[in-house]
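Let me give you the structure first, and then I'll get to my questions.
Which chain is which? They are A, B, C and D, in the order written, and residues in each are numbered from 1.
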């Protein structure tokens, strides 16, 4: 399942259930989303195809580092959250 | 007029009107009070006759420095306040 | 108590819960909707993750600053100018600890809690804290 | 607003007065009667001098920290454990200023406002902050 918040929610909707290929990674899932929703590709990736700096990610409600953990494999049932910089309080 | 607060109010009462000699100073007024009320002498002066460290003074609602301003002359109508260390808040 | 709520924050209730015979000081922070030329604000949270994060921050503040109580309530939904977005109440034996604890919670909340704000004006809307698109 | 009062402090009213569309942050300090083994506390003020001093402190805080509003109410008379002795509310555009302004007021008040507290127990009584007689 993918959860999206704030500006990304406006593009993707709050929740999407996606079916994963065997041994799919976080990057694979983001690429699937980008392919399915061009506005998300525009918002989340730069021209070279790299994830933009301000994109934040959580897997199962724990923050992951987009520069290190994009190759992390996902399991069936994992929850990926994608959102812009925090602005609470 | 002399105003006393906190522990000094318990000894002297809240207000006293004293009549001043011509050209009386703050020190003269405190000595008069000490002579009239021995518990005040005990509380406010040490054995050498010096004002104790913790005694605070105001003349007309402005703090005065007990180490420098005891020789300040008082006018008829001046208000001297005597009190222990502040503890508000 | 940690809460994320769609309804108005009751500071009174929070202070009542944080009050204690062992407390000499209570420090409260209120975040309010400032008029930056907009009409209203929308506050959105990743509720489950934000509650977990706020609970962790509360525990850290309690133990680091020897707080007696720490209350945090974050509002979500549509808010008008002047309304409370967030309330934090910290009680402690002494004021140094209550100030430091309250300050710690708001700073960590801003860094760590998955919450977003959008300013809505007559003609424009803007997600707070995002300099570039999206 | 600056006030020295024998009656209960209404924090609600103070917050209402300090609230503003230009404020993004409000910081409140409450000083409360801590149970140091006593039953009640008596608070005494040199009312006229304390009001003058609090007004001066308020003005300093407003201009140094660009506060939008600063409210100070000090209670006098007999208070029970847990009751509010003092309330300070500061509003500002940003939290840094609101925290600093509130902290400034409490620190200066403690140093400069002619107010005294006496703890009253079953068997003993003690003026706060006096290590030696009287």
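The rule we apply is simple: a contact is a pair of C-beta atoms (placed from the backbone, for glycine too) under 8 Å apart; a residue touches a chain by one contact, two chains touch by 3 or more.
Bear in mind that the values here come from a model prediction, so they are computed numbers and not experimental data.
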**Item:** subunit C and subunit B - chains in contact with each
**Value:** D
**Item:** Relative to subunit C, chain with the most remote C-alpha centre
**Value:** B
**Request:** Find the geometric centre of each of subunit A and subunit D from their Cα atoms only, then give the gap between the two centres in Å, rounded to an integer.
**Result:** 50
**Message:** How many angstrom lie between the centres of subunit A and subunit B, each centre taken as the mean Cα position?
**Reply:** 74
**Message:** Can you work out the whole-Å distance between the CA centroids of subunit C and subunit D?
**Reply:** 23
**Item:** Intercentroid distance (Cα basis), subunit C paired with subunit A, Å
**Value:** 27
**Per-residue multi-chain contacts in subunit B, two or more chains** = none
**Asked** Which subunit D residues reach two or more other chains?
**Response** 31, 106
**Complete:** Chain pairs that touch, by label, are A-C, B-D, C-D
**Fill in**
In their shared complex, subunit A is touched by residues of subunit C numbered 31, 43-46, 48-50, 52, 74, 85-86, 106, 109-118, 127-130, 132-134
**Item:** Complex interface listing, subunit B residues touching subunit D
**Value:** 3, 5-11, 42-44, 54, 58, 61, 81, 83-89
**Request:** Note which residues of subunit C are touching subunit D in the complex, please.
**Result:** 11-12, 15, 19-35, 81-82, 91, 93, 95, 98-99, 102-103, 106
